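For reference, the structures are reproduced in the following blocks.
Note that subunit A is present in both complexes that follow, paired respectively with subunit B and with subunit C.
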Partner chain A sequence: MKSEESTLNKVPPSHANDLNAYPMKERGFINFLVITAGFLLITPILSVHRVTDFMIFCIFVMSFDLMYGYMGRLSFGHMLFLGTGAYCSGLFIRYISGNPLLAILMGTFMAGLLAMLIGLVIVRTTGACFSLINLAFNQIGFFLVLSPLRGITRGEDGFGVRVSSFGFFNFANTTFKFWFVLLCLLLVFYLLKRVTTSPYGILIRSIKEDETRVKFLGYNTFFYKWLTFVLAGGVGGLAGTLSALNYNFVNPNMMDVHSNVGVVFASLIGGAGNLYGALVGGVVYMLISNFLPIYIHRWEMFLGFSLLIIVFKFRKGVWGNIQDIWEYIQKRKGAPRLPA
Partner chain B sequence: MLEIKNLDVAYGHAKALHDISLKIETGQMAFLIGRNGAGKTTLLKTIIGLLKPLKGSITYQGNEISSLSPEEHYLKGLRYVAQEKKVFGNLTVRENIEIAAYASGEPLERALDKVMSIYPKLKDFLKTKAGQLSGGQRQILLVGRALVGEPKLLLIDEPTQGLAAIVIEEIVSILSGLREKVSAVIVEQNLAMVNRLADRIYILKEGKVARETVERSEISDTRGLEEYL
Partner chain C sequence: MLYTVLYGFTIGAILYFISIGLSLTFGTIRVINFAHTLTYTMGVYALITLVALFKGYFALAATLSIILVIPISYVIERFIIRRLYGESLDYTFIATFAVSLIGVDTIKWIWGVNPYPLSDPIGTYLAIWGLTFPLYRVLIVLIAILLFLALNAFFKKTIVGKIVVAALEDKDGVRCLGINVDKYFSIVFVLGSALAALGGVLYAPISSIHPYMGLSILLLSFAVVIVGGMGNLKGTFLSAFALGMVMAITARYWSQGAETMVFIVMAIVLIFRPIDI
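Moving on, here comes the complex of A and B:
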């Protein structure tokens, strides 16, 4: 009888509080400081241009993680939005106006708009179907910029993007681009942090667990899935616009379906379903893909092996395991001392 | 409150329910009992809109609801607590309640108070991941979550299945406290619980209503009911 009673009253081990020891506002500030310091620290070792590229990729991984890590929908076609953002901002600069801020808005908006339209079809599906339909749309987009729209996109050759200096906004300056991208990354991080910790965030995490049960709670899950898809597409588009401005160039590689492997890897390496994981994964993946080819000829094979290790041994990714170690240490601290 | 008339339900070509008719008045607790495969869960799933009937009608507060989706049922005040005690395991207990509060428009604090009022000990687990709770705690959380908003009819599938006696007692006392406040249709094999709570019993056998009773003497006759289990 006593043991049965203890089952019902037993408080399971929880360390949820340990990582939430600071008030929300303070934690947000600490997050910003840590992220900024992290990127500043690696800048002298790498280069300003390269770290800017890393940060853009991290924005892209965060947008992917919203859909995969939080909502549980694995897309094999997320590059479509990066490419759409890059092309739309690039074409805007080339044919309409050299204003970089308007170009960024245009690229982000067009990627979001595309997500709005195709999302109406895509989010009705789940599992492999969801992944493959995304892949199919990505392939269509890639083909469109490569061939039928060659007249304006210049096909395989791509085109240069030259922005005019707009007051304080001088995108010809590498240092300015670094700080601007860092600001964008922090804003995206803040936005997605707010979103994923709001009731809406709870809802999309519930959809990942069991969509049918979410419907039992009175939710129109289609709408929330669509909204998440649009948000992920828009943020992916922002990464594309920044990429176009960083390279001053747009070509079909920015929409290449094969490049989807990178964002999936990065998300898994860092730990899906966590924005810090997306940042860590983004940086680690970029380090691997930038430096490993110098030492290993077929570096993709190494990536394959590392994915196997992650899938079988470290499913929570780098950040998930850091969290586990942190919780373990906290548990040890709180545990009663053994008698001497 | 709920009236089902001549309901037929099938899984593909296999008919699971044949000509089911039943009626539940406001404030009543009706129990569905029967052997495994008798169609009890199928009937609950049909009421909540997960399965579409081949024929027949389901009327709730005078309106036909058989063509509505599960989310529309929720908004009409129907709450379904499924058999598998499946909470959102990766969400905390608080978030599990929060998601229901958000859906129903009930302020979170009031929703939390409501759930805590049926089981105050849950307060200790608010920041715990729901997946770490014991089976009994999960069942209580699910019942508590179903009470968020303005529920009018609870549909609960085997609430005591696989639980220890002390936990069953807790659940019986929680459900007993809900009498007169909400109506309920409960699938249950535990006849002691049926005896204590039921206002009406429907015995299902091979997809049909084999017996129906509101008589206290028949509800208390657990031996008589056992032959249907």
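Moving on, here comes the complex of A and C:
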């Protein structure tokens, strides 16, 4: 109890949480334009294939952020859903049909279904137990694809995913893939934006602040936590299916427990509890992880030190600091502040 | 079947060494200590170097490597853990994970990524009723039981132990008596880390040695701590041996499923007895 109170005092409430400030309808379209423009701007500098990869990771970070930033439950096993999505869509394409859309639906649905089932157990716990039990389930999933299901998943080797084109859905074309993933990203952004600014969104944020009080108000917090878990799992699964289609390949690395640190790091560096923060964090993390190892050999050490700096000095993340600067400027001008 | 039981006891003993530190740190300062992997692995790698140095004197090398881990764990406590008192669990989790990342990378830097072989330092067998048991494994179990008795005595008889036990119950109450609790917490942390190193050193000859060896065993120890109850010393002892036995029996019939079975047991325990932290 004591630690919870001190958390409340130490972490300043994100201003993104002000709901009444800007209704979704007025700003929704501008949000999309800004995101699209942002990704299109970095495309010529990097490459189309890389930016597609970045966007998929951003979807994944957003799904993680729904659970960590908004609901305040840190999961150390979110890769499980990415892996489940990737494997289910990959297996669907391999054994049943090459239709990419059905495969995406299948992967997302299966990841959601898995989240529904294990959510019943996981959501009962909070804090460290939540992280650890997620980690444990992730480890079980990793083990399952690696060895007992070796017959269909081909173990460590993984398998190739060859999608047949369907109408104008031609996944062999990188440009099409880019636009398709961008569309998915915008869709997920819209969905999560709607969800987090709805009364339900207020409720999960209240659960983050003080679950007991929400219970006192008569809400069935278990159900809402479960729903959030399923939503986060489903979106994570979508990211997995997209990455399977993007790489044309599925292997157990997509479910590796160690990779979880990446998404936690991305969420923190961008600023947890904010969808823009998740996007910024995702891009920044991917830039670091793609380009830094070329220059710095001891890459994990760098990651460790930056995580320590974030935890001790830089909790609001990049986006939180941008917001602060913006607010400061606006305050001097006397104008309303940046919408989130 | 007797071999299975012995193997179960061995793994249980190792799990006990490692999870006792986790359980204590969690019970007193509410920190989920991921940096435990680091002290465990550090102990093992120190052992590798020292064994090569003093050819054959395994016991001497083992003792020295445990002593070497103590200053490392003190540095971690002083600069990382002490800043995390009263923080939310998420941040302590991430910070200690960061420490273990840094440590693992340092190990890779110094010793390289390739696994090292280390053979059973005793190599003799104990023959009872026509069955032969590896003496080394029997010794591990004996050390675990001795350690359990010693720790019990430590927590019941000595003043430091009594303060720690009291702090496990009520930290603020102890502080009100005018005792500097933080000092005792750092003693507990260093003790836990040294025990983790002991576990690593004893387990190294019968397992494979690589920089990430700490992670899988740490996950198992978390399961032990959750099943036994956070900060509950006797519960940790019992659950360590019970889960060790679960691993050994599963391994007998389905060797790859051993670790997974532990997590399944943990999940079942959590369903019936959710822990609020």
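Methods note: the second predicted complex is superposed on the first by the 309 of 340 C-alpha atoms of A that agree within 3 Å, B and C clash if a C-alpha of one lies under 4 Å from a C-alpha of the other, contacts with A are read in each partner's own complex, and residues count from 1 in each chain.
Basically, a residue touches a chain if its C-beta (ideal position, glycine included) is under 8 Å from a C-beta of that chain, and two chains touch if they have at least 3 such contacts.
Because the structure is a prediction, the values reported are computed rather than measured.
Within the superposed three-chain model, A:Phe143 lies in touch with subunit C and out of touch with subunit B [touch as defined at top]. By the document's definition of touching, neither partner reaches A:Leu275: not subunit B, not subunit C. Contacts of A:Asp210 after superposition: subunit B is touched, whereas subunit C is not reached. Legend: residue contacts after superposition of the two complexes on their common chain; A:Val283 is shown touching neither subunit B nor subunit C.
Touch criterion met: A:Ile202 reaches subunit B, while subunit C stays clear of it. Once the two complexes are overlaid on the shared chain, A:Met255 sits clear of subunit B and of subunit C alike.
Legend: residue contacts after superposition of the two complexes on their common chain; A:Thr125 is shown touching subunit C, with no touch to subunit B. After superposition on the shared chain, subunit A has more residues touched by C, the comparison being subunit B against subunit C. By the document's definition of touching, of the two partners only subunit C reaches A:Gly304; subunit B does not.
The interface of subunit A with subunit B overlaps its interface with subunit C at residues 4, 7, 10-11. Subunit A meets subunit C in the complex at residues 2-4, 6-7, 10-11, 68, 72, 74, 76, 121, 124-129, 131-133, 135-137, 139-140, 143-144, 147-148, 257-258, 261, 264, 268, 298-301, 303-305, 307-308, 310-312.
Across the complex, subunit A is touched by residues 48, 50, 69-71, 74-75, 79-80, 82, 86, 88-92, 95, 98-100, 102-104, 121, 124-125, 127-129, 132-134, 136-137, 164-167, 170 of subunit B. Against subunit A, in their complex, subunit C makes its touches with residues 26, 30, 32, 80, 83, 86-91, 93-95, 97-102, 104-106, 108-109, 212, 215, 219, 222-223, 226, 256-257, 259-260, 263-264, 266-267, 270-271, 274-277. The residues of subunit A lying in touch with subunit B in their complex are 1, 4-5, 7-14, 16-17, 199, 202-203, 205-206, 208-210, 212-221.
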